[in-house]
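Following are the structures in question.
Two complexes, one shared chain (chain A), two partners (chain B, chain C).
Let's look at the complex of A and B:
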């Protein structure tokens, strides 16, 4: 039987040029960066300077001096993720095509959220320590920007893909725009909002540990001072404490997510 | 009375959905629009509440110009026009009652509706609307937990809660099985007769159109090609509207 077999499409330009390029560039980078196993081996002989104190943790000192700071870290994360996410909630509706038909304001909100997201959290922290002084308040402000940026991005893209039918129904009955959005769009994205919130809360816990390095409060500050004096025997138990706290909080968040959603 | 004056709609991209349609619909009429998919039925319906804006011509509802109305006037006109959709368009995660209350949004302030502080009177209207389509006992059930036929009845209740003068139904039974289709059509007909609400229904099942309609208009490629009493319409007329012979799939048929 004669059948017309379609011609096999030609390989795309990407696969002809792209993959060999990526391969060659990786090899070039390998040498350019100075990836050198010999250096690695030589430095490994000096490791005892770091590893010996690391494996001799001063537990009492850590519990006595770092617990309050660790709690402060968690407080920063809780406050910042709640405030940041709830500020992002209304903004996201303005930054989505589905709920904002005005092209100009759509682009303004969208670029505003993009702008905040481009700036790394550590930079926000440095900015706010200058603005409001060293301490946890600067950390909270930095992480609010961090949470807001992530929530704004995730949520506005979720809103883009909601079912527009209920919105049309509300509009056809003469409802005002905000009424239509609140009654018909918001319920559709609430489960996503809750899931994103818990995820962002976990990110904030981890991020707030680092913030102390630039003076924005929390346990990071203590790690930074001890690192300067090379007191790795004090740092290692703090890291273990943080690990336990992060695991506990993530377990709680997983449990909560299952409970609510 | 609803009046279409030389209404044309051209969508961006050049598709001409409506081509110079002029039409008058008396108060209390039960009008059925038939035509192939893509003939412009949905577009015609949506020009009545300006969900689609005519590129030429204008639509008057009770001598109020819908096409040129400003935002505030348009909301007021829309609050008198209920609409029912092929895919029901309920908020699945909200309760039936909340969905029906959407029909009352135009009558309360934004703050009240957001806080859920509905006046007792509006709740009463919503309950009565649910009672009208005999689904009152589901008031606190989530929309997603209802069958298709039940969801469409909630859709009707939502439109009824507006206390509308005009009811638009865009393919209200296209997603339903034959038995529930007839139930939904029966409610629409009852509401039209008892409350005197002018009703316009898009349908593509010819037997259903004959069974429930009074006046029937046919659209073909955006043009009005038939306008007459349902009793007078012949198979030949249907073939003209559809531009081809009638097929079994044009009939809803009976479920047995």
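Let's look at the complex of A and C:
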């Protein structure tokens, strides 16, 4: 009996060119980074400079000096994620094909959100510290941009795939475009909005820890000053405190998500 | 007409959530000394900064300094992603609950969680005294953080596979190894590779920032120009960075789409 086995398809152009390119680019990147085993081994002998104090944490010092800054960090994340997400809510309706039929404004809003997303969070923080001065307010503004960009992207893509039926029904019973969007598109995406909000809140908590490195408030400020003096014995308990706070907040957010959704 | 009413429990939940959100914002704003006036003043202050950046400093000296730094960020991100991909791939099999036994995959997952909890920047300045100032530190930081995130994502992909092909291989006498090679890997590879590319996009932004602590890349350039109040040059740094991120994002998104969608094959 002859079995007709289908032939294996020829590899596509993408894989013929892509894999060798990726491989060569990897080698070139490692070469560019200057990975040198000799230097690495020599530097590795300095490791006690870091590892010894890292495992000899000064707990009292950290609790005394970092608690207020840690609370500040959490406050920055709360305020920025709430404001950023609620600013992004109307924007994402304009940045979606389903609810914005005007091509020009659609592209303007879409590229505005994409543009914000290309600038890393700490770059925003640096720019805002120059613009509005050092302190937590710059951090809040930076994380507003950060959360707005992510929420805008996630939410506008969700709106793209909503059920258009209710929208049509509202319009055929005489609703204006904005009324139709408010009454039939908004309720469809609210569960997603809540889920994304909690996710972005977690991202903001992680991001706000490092804002202080450029002077934008929060616990990073204390880490930065101790880092300059190589006081890793003071940094390690702060990092552990941050970890506990982050994990506790994540657990709270998981619990809240289960309650709401 | 009889319109159904919203159930009472939903109403209560709605009001409770609103109160929670408002109270949390007020508590945060009061602790940070953030007032509405400062928000209204902010746009004009930002506008002053933006106008100070134009016209951009496009002298050949500035370009020659900035472009290699942006390139360095690109290399850090790529090499970090390669490290993350190479190490996370075998680890993700250990962390998948349909491949290994219960104790081992729970243990591996916890390790991945711990790795993921440290931001790249914190890893970077812990490595800094060991690996020295420069891109190697940044690469290690990005790479190790990527192992955590990619390991988690890949193991979830492996847990979600279709068990049919595995059964078929088992029925025709295949070993556990051939189950993995011919049953699991072909199924998960497209999604896993697209996650690698997605991680590369994220790492690009992370590596741009790493220069702030001296771990290589374009971040050092930006923070120095801003410190010395050389705004036209800082503007150039920003524009070149944004251009590179946009180009890489576009290419990577196109490749990811092609990998997930696949190619039309005539049978």
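A few comments on the model shown:
Basically, the second predicted complex is superposed on the first by the 251 of 261 C-alpha atoms of A that agree within 3 Å, B and C clash if a C-alpha of one lies under 4 Å from a C-alpha of the other, contacts with A are read in each partner's own complex, and residues count from 1 in each chain.
Keep in mind that, in the parts below, contacts are C-beta pairs under 8 Å (C-beta built on N, C-alpha and C of every residue); 3 or more make two chains touch, one makes a residue touch a chain.
Note that the coordinates shown come from a computational prediction; the quantities given were computed from them, not determined experimentally.
Of the two partner chains placed around the shared chain by superposition, chain C is the only one that A:210 touches, whereas chain B remains out of contact. Counting residues of chain A touched by each partner, chain B versus chain C, the larger count belongs to C. Shared-chain residue A:168: touches chain B; no touch with chain C.
Within the superposed three-chain model, A:182 lies in touch with chain B and out of touch with chain C [touch as defined at top]. Touch criterion not met for A:63: it reaches neither chain B nor chain C. Contact with neither chain B nor chain C is seen for A:17 once the two complexes are overlaid on the shared chain. Residue ranges of chain B in contact with chain A, taken from their complex: 49, 51, 74-83, 85, 87-94, 98, 101-103, 105-106, 110, 113-114, 155, 158-159, 162, 168.
In the complex of the two chains, the chain A residues touching chain B come out as 163, 165-166, 168-176, 178-180, 182-184, 187-188, 190-191. Within the complex formed with chain A, the chain C residues making contact are 13, 17, 21, 24-25, 27-29, 31-34, 38, 41-42, 45-46, 48-49, 71-72, 74-76, 78-79, 82, 117-119, 121-122, 125-126, 129-132, 134-136, 139, 205-206, 208-209, 212-213, 216, 219, 222-223, 226, 238, 241-242, 245-246, 249, 255, 258, 263, 265, 267. Touching chain C in their complex are the following residues of chain A: 6, 9, 12, 14, 18, 25-26, 28-30, 32-35, 39-40, 43-44, 46-47, 49-50, 54, 71-72, 74-76, 78-79, 82-83, 114-115, 118-123, 126-128, 130-132, 135-137, 140-141, 206-207, 209-210, 213-214, 217, 223, 227, 230, 232, 239, 243, 246-247, 260.
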